[in-house]
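Following this line, the structures themselves.
Here come two complexes built around subunit A, the first alongside subunit B, the second alongside subunit C.
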Partner chain A sequence: MQYTLLILILPLLSFVILGLVDSKWKAQVAGTLGTAILVTVTLLSYYTAWEYFSTANITGSYQRIIAFETEWVRFTDYLHINLGILLDPISVMMLVVISTVSLMVHIYSLGYMHGEKGFERYYAFLSLFTFSMLGLVVATNIFQMYIFWELVGASSYLLIGFYYTKPEAVAASKKAFIVTRFADLGFLIGILVLSYYTKTFDFGILTSGNASVFASTTGVTYMGISVMSWAMGLIFVGGAGKSAMFPLHIWLPDAMEGPTPVSALIHAATMVVAGVYLVARLFPVYYVYSPEVLHGVAYLGAITSLFAAIIACVQTDIKRVLAFSTISQIGFMMVGLGVSGMGGHHGLGYMASMFHLTTHAMFKALLFLGAGSIIHAVHSNEMSLMGGLRKHMPITHISFLIACLAIAGIPPFSGFFSKDEILAATFEFSPYLGAAMSFIAGLTAFYMFRLYYGIFWGVEHKHAHTPHESPLAMALPLIFLATVTVFAGFIPFGEFVTNDGAPYEIELNMLVAGISVGVALVFILLATILYRKESKIPTQLATTFAGLHAAASHRFYIDEVYLFITKKIVFNLVSTPIAWFDRHVIDATMDGFASITQRISVLIKGLQSGDVQNYAYIILMGALVIAGLVIYF
Partner chain B sequence: MFDVFSNFSSGIIPMEAYLLLSLVMFFAGIYGFISRKSLLMILISIELILNAADINFVVFNRYLYAGHMEGFFFALFTIAVSACETAVAIAIVINIYRNLHNVNVDSLHELHEPESEQ
Partner chain C sequence: MNYASFLQLHDELSLLALIVILLIYDTFANEAKMRYFQPIAILLFSIHTLLNCVPRTSFEVAGGMYQYVPMLTYVKTILNVGTLIVFLQAHHWLNGASSIIRRGEFYFLTLSTLLGMYFMMSAGHFLLFFIGIETASIPMATLVAFNKSNHKSAEAGAKYILSAVFASGISLFGMSLIYGATGTLYFNDLATALTGGPLQLLAMVFFAVGLLFKISLVPFHLWTPDVYEGAPTNITSYLSVISKGSAVFVLFTILIKVFGSMVHEWQAVLYGIIVLSITVGNIFAIRQQNLKRFLAFSSISQAGYILLGVISGSAMGMSSLVYYVLVYGFSNLAAFGVIAIIENHSQKLNIKDYNGLYRTNPKLSVVMMFALFSLAGIPPFAGFFSKFFIFSAAIQQGFYVLVFIALVNTIISLYYYLLVVKAMFLTNSDDAIAPIRSDLALKVSLVICTAAILVIGLFSSIYNQINVFGFGM
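== the complex of A and B ==
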């Protein structure tokens, strides 16, 4: 299956071509080329998935296939960095998800970004991102993953800061880069610790279940915690940074400064789930060698999920609401992984998490693209400037409603199936956590329908010109993703993706399903009462719980805490003294050398008078002195 | 050294006499090069130095390696080279004169760093 290499090469090629021609071609040519290449990549991904799932299951479980591998850097006999393509159920699943969403975003952007300055640059960056993300998911070893991990970080930085003349966008891109970079430091240290003890980077060896690989880690502890927990914990820090887990989530809401299709692709569907994918990829290692870290992942996911859901309930910028909703849903996926066991029914959480990743990618991309369509029509992100749009934008309205129902967990939409399985797995792990997650699922339904009613119902706002439905290029992806969202739930996902490779029959847990649907319906009803028509109750509630409301609107002051730590503590107590030392000791030493040299040169420059006769005299006298010395000594 | 004069009676000019001449010419050239201010005089001094060297070539060849020709030819080469050098130098001197209206070596300080710049 060597042709899978093309899946990586084509977007890279597209990036190079579009990056080089810049604005020399007409914008439409560049956009069409980028989209055409993505169509090819998507078809190749689908073909790969079809071939993989139809041929790889020979012995009752899906085999991992190394489609291509080459050695890149060799450090020692054991330790070498390879570049290759690994096909196994989750990487093939990710190939399909990424290429589908990316293609939809490419098509959508033809309409959304029409006439923007830097259109070619935008498509070049999209191609770079697609290449990096695909490279990340097919990585055969943890170091290759790290390389592409940084590449997606860089392309995310470039795309958030696409409107580089806007100060907020520049600040947001910087924030995203620094926060994730900071987390990636943990990832790198984790990789180094892990590879130091196991003598390998390779996923195949790490997850093979061969205990001798980890033999050297037994009994090694640092500060009372086993070295495997340290390594896996630090690797998870990297994943938490990319996947916006509390308290490293602060970059994601600000990342909404980028163009909306970018938010759909990177900050909703693909890049932000890289952390989930990382944990899933190393799941056997987490499960066997550091179960306490895995449980930590579950609880951190639950906390993040609750935290983000509460904030999402009071935000007024539609993209911010969706951003916090993304954080919350990634929390769900983390919980799913954290509570999962190994194989068969115990591996339900893992399977559910991957399932939710897929369905979430589709419906969240749909929500973002819908939001982009709305922003395109009313030229604002603020919910207060919308309202009553359902008459003007029927396609956007229907697709947005489908996505809202899916994320709220209403059957038969896709979100119901995946979320329900996460809840079932969580209930088996701990009923308290399960109850908490059900409540968060309810909150999800509440804030999504608050958003929905705020945009499409309520009082119609006066607009400069009547909002209109978006062009075909934008409507088509909405229709496609809405269709996927309606039917994706019926994919027998357990047949394809499980953590031991063996197909598993999903059974719907009717009790859990009943509870979650009930909770979701209650919260939707609540949102309907509060926001369907203009009512005084939301304002009254806001004044009653003024403290909570203000705290949630300010995102619980996490950004302020960061600012306090960086500005007041790091800058004042660390950076300022270091800067002083740099200026007054290191710089001063160098200045000292320079000024000493200059003084000496002033002293001896009389010798270089330019007077030829003087030179000749000195040469002659010197020659005589040397001759005298040679003769008499 | 005073044998130089005693040998005149034999009718052969002794080698030392030539060397004495070239020595005088050489140091006269050096003195002129250092003390004269006119570029033309400096050029003439250089010619003196080169001619002193030419005499040495010829004399050493004649007295020490009679029958060989290397020294003579070397003297001829040197004369040719010094002629070329003089032509170039004269060209330079003429250009300097056109610019400065004198050929005083002390007035050539165009490339010198001005004193004010520290």
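== the complex of A and C ==
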């Protein structure tokens, strides 16, 4: 299946072409070219998925296929960095998800970004991002993944900061880059520790279940914690950074300064699930060699999920609500992975997590694109400036409602199935955690419907122009994603993706399903009472729970904590002394070099006289002096 | 004597045939036919390069007078490609009014020097070596004086030939001392005959002067800036890359092969010369305004870096040296290519003339920037990797202090390379050089150089390939 290489090459080519032509082509030509290339990539991904799932299941489970591999750098005989393409159920699944969402965003942007300055640059960056993300998921080894991981970080930096004349966007892009890069440091150290002991980067060897690979880690501890826990924990830190897990989530809400379709692509469907994908990719290692880290992942996921859901309830910027909702949903996926066992019914959590990743990508992209459509119409992100839009924007309204129902977990929409499986797995792991996650699912329903009613119902706001439905290029992706959201739940996902490769029949756990649907309905009802028509209850509630409300509005002051640590502690205690040292010792030394160099050059410039007799004299003297020195010393 | 064995000299024979063909063409073709002279010459030379790019197994001809090792094929190919790039870059200049009449000579003379270098590198006997180095030198002087009506060019030619002859004289004196001390001039015999007595040491130093002069190392470098400045720019780039590259390679092989018994002595000599060359080259480069003089001093300091490969005297030193020559060649040719085209169109050669160049000639500026970054050794450009390998080779042999001095000097060199980049990109100017339309040949040459600068470092296989034959030394 060597043709899969094209899936990577084409977006890269698109980036190079669009990046080189810059503004020499008409904007629409560049956009169309980018989109056309992505259509090809998407079709190739679908074909890959079809071929993989129809041929790779030979012995009752899906085999991993190395479609392409080449050695790039060789350190030692066993430690070398390869670049290749690995096909297995989750990478194929990710290919489909990424290319689909990316294609939708490409099409949507034709309308949304129409007339923007730097349109070609925008499409070039989109292609670069798509290339990086696809390269990340098909990585055959952890180092290749790390390379593309950083490329993803860099291209997301470019996209968030697309409006580079806007100070907020620049600040947000820097914040996103620095926070995730900081987390990646953990990832890198983790990789180095892991490869130091296992002597390999290769995923195939790491996850083969061959215990001899890990033989040298047994009994090795550092500060009382086993070395495998260190390695896998540090690797997870990288994943937590990209996937915006508490307390590294602070970059994601700010990243909403980027163009809205970018938020749909990066901050809903692809980059933010990279952390989930990383854990899933290394799941056998986590499960066998560091189960306590895996459980930590589950609890951290739950905490993040709750935390983000509470904040989402009081945000007023629609993109921020969606951002926090994304953080919360990724928490769900992490919980699913964290509680999962290995194989068959025990592997339910893993399967559910991947299922939720897929369905979430679709409906969250739909929500973001819908939000973009709304912002396009009313020219604002603030909920208070919206209201009553359902009459003006029927397509956006219906698709948004479908997505809300899906994320709230109402059958038969896709989110119901995937979330229900996660809850079922969680209940089996720990009833308390299961109950907590059900409650968070209820909160999800609440804040999504608060958002929904705030935008589409309530009092109609006065607008300079009457809001209107978006152009076809923007409406089409909405319709497509809405259709997927309605039907994706019926995909027999367990047939394709499980952690041991063997197909698994999903059964609905009726009790869990009943509870979760019940909770969701109650919370939707609550939201309906509070927000469908204008009422005083929300304000009253806000004053009653003033403390909690204020804290949640300020996102629990986590950003302030970071600022305190960096500005007060790090800057004053570490940076200032280092800066002093740098200026007065290092720089002074360098300045000394420079001035000495200058002086010497003035002193010896006479040598370069231009007289050829002189040159001959120096050649002869040089030869004699050297010979003298050599002979007598 | 078995004359058939001469047929094994593929490289030299095919180059000689090429020279003869071009000479006949140039002599007998009329003006109309001469229009195709340059394309045909370039084409034939490309064919020659391709024909001779596959390494063969080692052999000796004429009782060891001529020696072949596979590494030579790499070095010769590097020189061939470099020469090809010089031809491409000179194409437009040669068609100019003042030089069109002499374009045939240009190819004839350049290829003759190349033939000399071939013999010099393959020599297994000091006589052949001397013939080679002189065949490379004498046509070179006429090339330097190619613009004979130009006062500076003529002066440079005179300076070059006078200094070169003087250095050759010392070198020849050294060789005669070797013969006097040992009674042989065959490299194979000398390896055992030399023991390291005072006379032999004197011979070694005197002999080396000829090569050190060609590589333009301190204190034998004084001719360099004057000649580089006066010579036509394309010749300057040929001189700074091809001539220098071949001499460095020969220096390495002869020091190892012939003077292996005096390794400590010549390492000490090279130690001092490296420190002096790198430092003096840098210090003078900072002061230069004229870009050709600037690159002359920069190339003196680069030569110092290349010698780090020689001083380590190991297989890794050999491969890192060849690799360095390869990368340095492309980078320098790119820089000189840009300078040449700008000089051709505007007669401007000073750094401050380049102010605001990016606005008017963005592509040329970017190529120039890449070349300078590569020369300065900034990753991910190839120059970073070549410096890295050559430093590693020296570190491996324990030259820690030397490498430290070299590293400090890279910082200094970064400063002056960036001065040019700053002028092109950051400084605005009202009378920036007008946009230039470069011809196809030049474009091709710059694309090759840029691609090489960007790509060579990233493909580890290139270095690995060179490394394979480094061990065969």
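Keep this in mind: the second predicted complex is superposed on the first by the 589 of 633 C-alpha atoms of A that agree within 3 Å, B and C clash if a C-alpha of one lies under 4 Å from a C-alpha of the other, contacts with A are read in each partner's own complex, and residues count from 1 in each chain.
Rule of thumb we're sticking to: a contact is a pair of C-beta atoms (placed from the backbone, for glycine too) under 8 Å apart; a residue touches a chain by one contact, two chains touch by 3 or more.
None of these values were measured; they are calculated from a predicted model.
With both structures placed on the common chain, the touch criterion links A:Ile604 to subunit C but leaves subunit B unconnected.
By the touch criterion defined above, A:Val630 lies against subunit C but remains apart from subunit B after alignment on the C-alpha atoms of chain A. Of the two partner chains, neither subunit B nor subunit C is touched by A:Ile569.
By the touch criterion stated above, A:Ala588 is placed in contact with neither subunit B nor subunit C.
Residue contacts after overlaying the shared chain place A:Val561 against neither subunit B nor subunit C. Residue contacts after overlaying the shared chain place A:Ile178 against neither subunit B nor subunit C. Applying the stated contact rule after C-alpha superposition, one finds that A:Arg74 touches subunit C and leaves subunit B untouched. Across the superposed pair, subunit B and subunit C both touch subunit A at residues 605, 610, 612, 616, 620. For subunit A in complex with subunit B, the residues that touch the partner chain are 602, 605, 609-613, 616-617, 620.
Residues of subunit C touching subunit A in their complex: 158-159, 162-163, 166-167, 170, 198, 201-202, 204-206, 209, 213, 219-220, 222-223, 225-226, 265, 268-269, 272, 280, 282-284, 286-287, 408, 411-412, 415, 460. Residues of subunit B touching subunit A in their complex: 30, 33-35, 42, 105-106, 108-109, 111-113, 118. Only residues 72-74, 590, 593-594, 597-598, 600-601, 604-605, 607-608, 610, 612, 614-616, 618-623, 626-627, 629-631, 633 of subunit A touch subunit C when the two sit together in their complex.
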